[in-house]
């Protein structure tokens, strides 16, 4: 039985994590923290029958757990991770704070200094399909962002094989509103988001680009980097991301060969659902699951390939992937609690 | 040409009013105020091409208008109405501040003193179907609440005729989220309201009950009053209210006679759509219009009649009805700008 | 391991059942039928990775299963149940065909003869909270309707205790669109149902009334029957029912006593979430779970009590309750596969 | 007063047209046809109070109208247009049948022969921003498709100026469900489309590509053509299209110069809302209006420009644009009935 602590249980990823872990046969939730609701119970905050006490982060009994999941805002997670690691406890951080291996890149994209740069070296980017081995041994896993998971997995087989014609690739993504968190704002006010559809932070400005380019450039491996033009859009649903990607293929690559790259990369992956020719990835393929659906659509008369991918931003894009990482770290069946 | 000022143009009712008045052939918007956005333009706040300057309420040139619409929160409207009336300008108040004729009832339901009780006498409850004559001559019109419009109009012919068996009546209402205004909150956060449906303030607690009971007791006319059990529910749509009402008929009333009461009351009303036998009122009957749809459904084997009504809470439930009142006050065709 | 067959796997209840049973540690799906898609696979019909073959009902290997779930339309289920029972296999019927113990009532409400009346005697109404003991031994369980589950459980403690003042009770229910099934129609066309809200079959006409009145009259036990005025409304969400009920209390009953009745009836029930005073039941309490949430709200100044209940129409209102019944029938933990 | 006939009033574009024309001060609806509902009234089909009789197309009194709007499916419109033109009546065809000037292209994209090729010469592509002069004199206007309106207007200033680096351009579009029409299908079933988001017909397969390429190649003017990679997606809203386009700029073009091209092309256009730098086009900018909103977003570090556009597919994408064309054809103010 893995004894689990959760830092930040009253955001959407924290609550999703509680729901997943309650169904997990080998995990036990020892404590749940909330700075804003310390002293209350989870059932005060969410419409659920679970009366977990919410405690302050400072009161968390770290000595009683094997792993801490951190569902804190970026910026706030750095010091909390250090506290966990100093106590010798393994950490799975769902924030962005340890996803970039380079503290300078972190400062450039997030606009403030990294206050625990000494931990960046030991952090493993927690995308099992790319880094399964390193995750198993990691003390600190940086759980990937939701958009990056959908885009990295959508392009990885192509990039790794050097099948791209171009150093730039367009990714047009559409995400449900829970991706913006639980804090009310005008953008996420029901009346504003319902029956609406809005591009936001399009071009080369969204912070998740840093992770995508880091991991895809690493996969590309020739030192030349990959430039992602990324257009996120706010979709009037609660959950899920569909990314529509437009890589251009290097001369000579046929759709059959490309399909072979994806099959080779993913046919044994328990959470990747590679769709058949003629299919496209929709939200319905993956919402409420830990799966990523990926489909390949050739464009007649063009060197452009359209890759569509979908996932649930709170599960494979956050808390489900975090539990998948926990399973790997503790030698459990990778799928446990996630089917 | 009626020269119009709008106090509070950056809430949903204010913006709806601007949209209606821009289509009105005999109205001209002279100024629009916003305390939070004074100095900006309407197109900074809403996704529209209209560059009306937003000014502070204190800077409003009252001498250049014939009427002021007040789209302010209850409580804030009382003093602003006094200011308008002191300048000799007619006022249409969309808040609740002048709907109750009794200052004590106002204090009881709204929890604070009425600070302009001397104006209560001249205020006319702006429901044209009940008070058309008085509205024509009014200096101050108290524009009805959205729920009360749907419920008063749904029950008025029955109540006026003394056709109720009981002094209490159940009204189960469902409203879109714009009824809760534009200020973000957890209740109206997209992720919380979408795919959800919630009763709230049910029983005998919602403030709109005061208006319903005032107007229906007045219509009943025998001094005994009517008690409304009112259950509002939050519906995951932007606009519209459906009310399902369960009056019990006094012995002897047939459905044909009851239908006759509604036809007599409403057949000449330009904005009441009395549905045929077998039909029910749905949101789609009225959203984006100034209409109220009303349907009567007898219950086999029971003295209960089901009345369903629907309206758009921002139009017939607020800004459209306000313009209807303006048309009456200025001798224009009541339907002008509203079809 | 319980070996399971599913008749009618390509409707929404059939697909939900597959999803639940795949997570059930003691169930194994042996076959899935579909008349319209026989010869295909489940993954042709739904966006899922499960390649179960779909076979014709006539080809189902009944000798290889312990229980058959029937997810067929009412009318079509009668003969199929007879076939299953003739083979000596236990049956859980999700249609309405065996819910009414009286064949004459079935004909009256459903408009056609019951063709397997000899099986009505052995059928048990599968609401565990009322009939747990009988379900354990049943050869044939008639799985309750979604609306009846929400209303019977909402009123049962009151009715059983004789706490109602009146023989009639009003239930105003709101249901997501999946309750109408998977067959396209204009009513369930996206453009018609989205941003809409519609009463339908209101009064004393909806077929589910027969079950409600049968079970509540039985609970009332004094032979006088209970008359349910039932107003279903179509809600623009996929899943979930909220019922708002307006029983009038007999003289002398206090809210504390009434709350005691519910606690007595439900405090040990694993799937009933009795909400605290001041709370109301919302969709979010129960969607995607097998729970029913129930809340009691007294009405100041009236003998009316407002009971709100919510459930997921495809889970506790259909396939989850069916698996709960299976667990009881086979001596498993009642909660298995359902948490 | 322009006397109007409508062929096909019971689809969504026909009903929208009725709604617009009822507000138009210089139009009078003389007849409305419906093959499926002939003999009934419009209020039998839609939740509205308008009792227009629905007649069969063969019974339409063509001699009593000045113009006929054809809201028929493609394929069905060809012969009906010939009938109207033979009677000497002007026609505005909302189907795709006369949008392509080349009968061979029509056959290639639509899969059947054009049966009225002799009328293709006189047909004018009804996009006022490109063909205002020709529309004024046209006997037959081919009203553009919804997607093409959003994409042609989004790219036209760039293409006309020769500012594209490439002969291919990517357009990723998202459309509400009313674009799929009123006929129920599994794709447009509420439960399937709600909370879902689906790419469909992506690549170079959607029929609307033919119009886009025809008009943009014409605007490009150098005979080399433009290739549009077009990815439509189904969005869970009723109305509206957002297109996100990714043209690559030829060397030397700055964002200021490009913005100048759009201002030059559109600053006098009454229905084009060119957004300010920093803004993006959202559904909310245009739904329920006849406007197109267009925004330009440069991509730091890339030659790619992101153009976002939005419109209401039933108004500027269909019936509103049709009325705009009628206004031009009959010498009325182009904006009449459309503000």
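We call the chains A, B, C and D, going by the order they appear; numbering starts again at 1 in every chain.
The rule we apply is simple: contacts are C-beta pairs under 8 Å (C-beta built on N, C-alpha and C of every residue); 3 or more make two chains touch, one makes a residue touch a chain.
Nothing here was measured: the structure is a model prediction, and the numbers come from that model.
Chemist: Where centres are the averaged C-alpha coordinates, which chain has the largest centre distance to chain D?
Modeler: C
Chemist: Would you mind telling me which chain pair, A-D or B-D, is linked by more contacting C-beta pairs?
Modeler: Looking at A-D and B-D side by side, A-D shows more C-beta contacts.
Chemist: What's the rotation angle, in degrees and to the nearest 5, for a C-alpha fit of chain C onto chain D?
Modeler: Result for this pair is 180 degrees.
Chemist: Let me have the rounded angstrom distance from the C-alpha centre of chain A over to the C-alpha centre of chain B, please.
Modeler: Chain centroid spacing, chain A to chain B, equals 46 Å.
Chemist: When the centre of a chain is set as the mean of its C-alpha atoms, what distance in Å lies between chain A and chain D?
Modeler: Roughly 39 Å, centre to centre.
Chemist: Between chain B and chain D, what is the gap in Å from one C-alpha centre to the other?
Modeler: 37
Chemist: Taking each residue of chain D in turn, which ones touch at least two of the other chains?
Modeler: In chain D, residues 192, 195, 236-238, 282, 284 touch at least two other chains, as defined above.
Chemist: Would you tell me which residues of chain C are touching chain D in their complex?
Modeler: Per the touch definition, chain C meets chain D at residues 12, 177-178, 182, 184-186, 188-195, 236-238.
Chemist: Taking the complex as given, what residues does chain D use to touch chain A?
Modeler: Against chain A, chain D makes touches at 168, 170, 172, 174, 192, 195-200, 202-205, 227, 229, 231, 233, 235-240, 242, 244, 246, 280-284, 287, 297-302, 304, 306, 308.
Chemist: Sort out for me which residues of chain B touch chain D in the complex.
Modeler: Residue list for chain B touching chain D: 22-23, 47-49, 195, 273, 282, 284-285, 288, 291, 293, 339.
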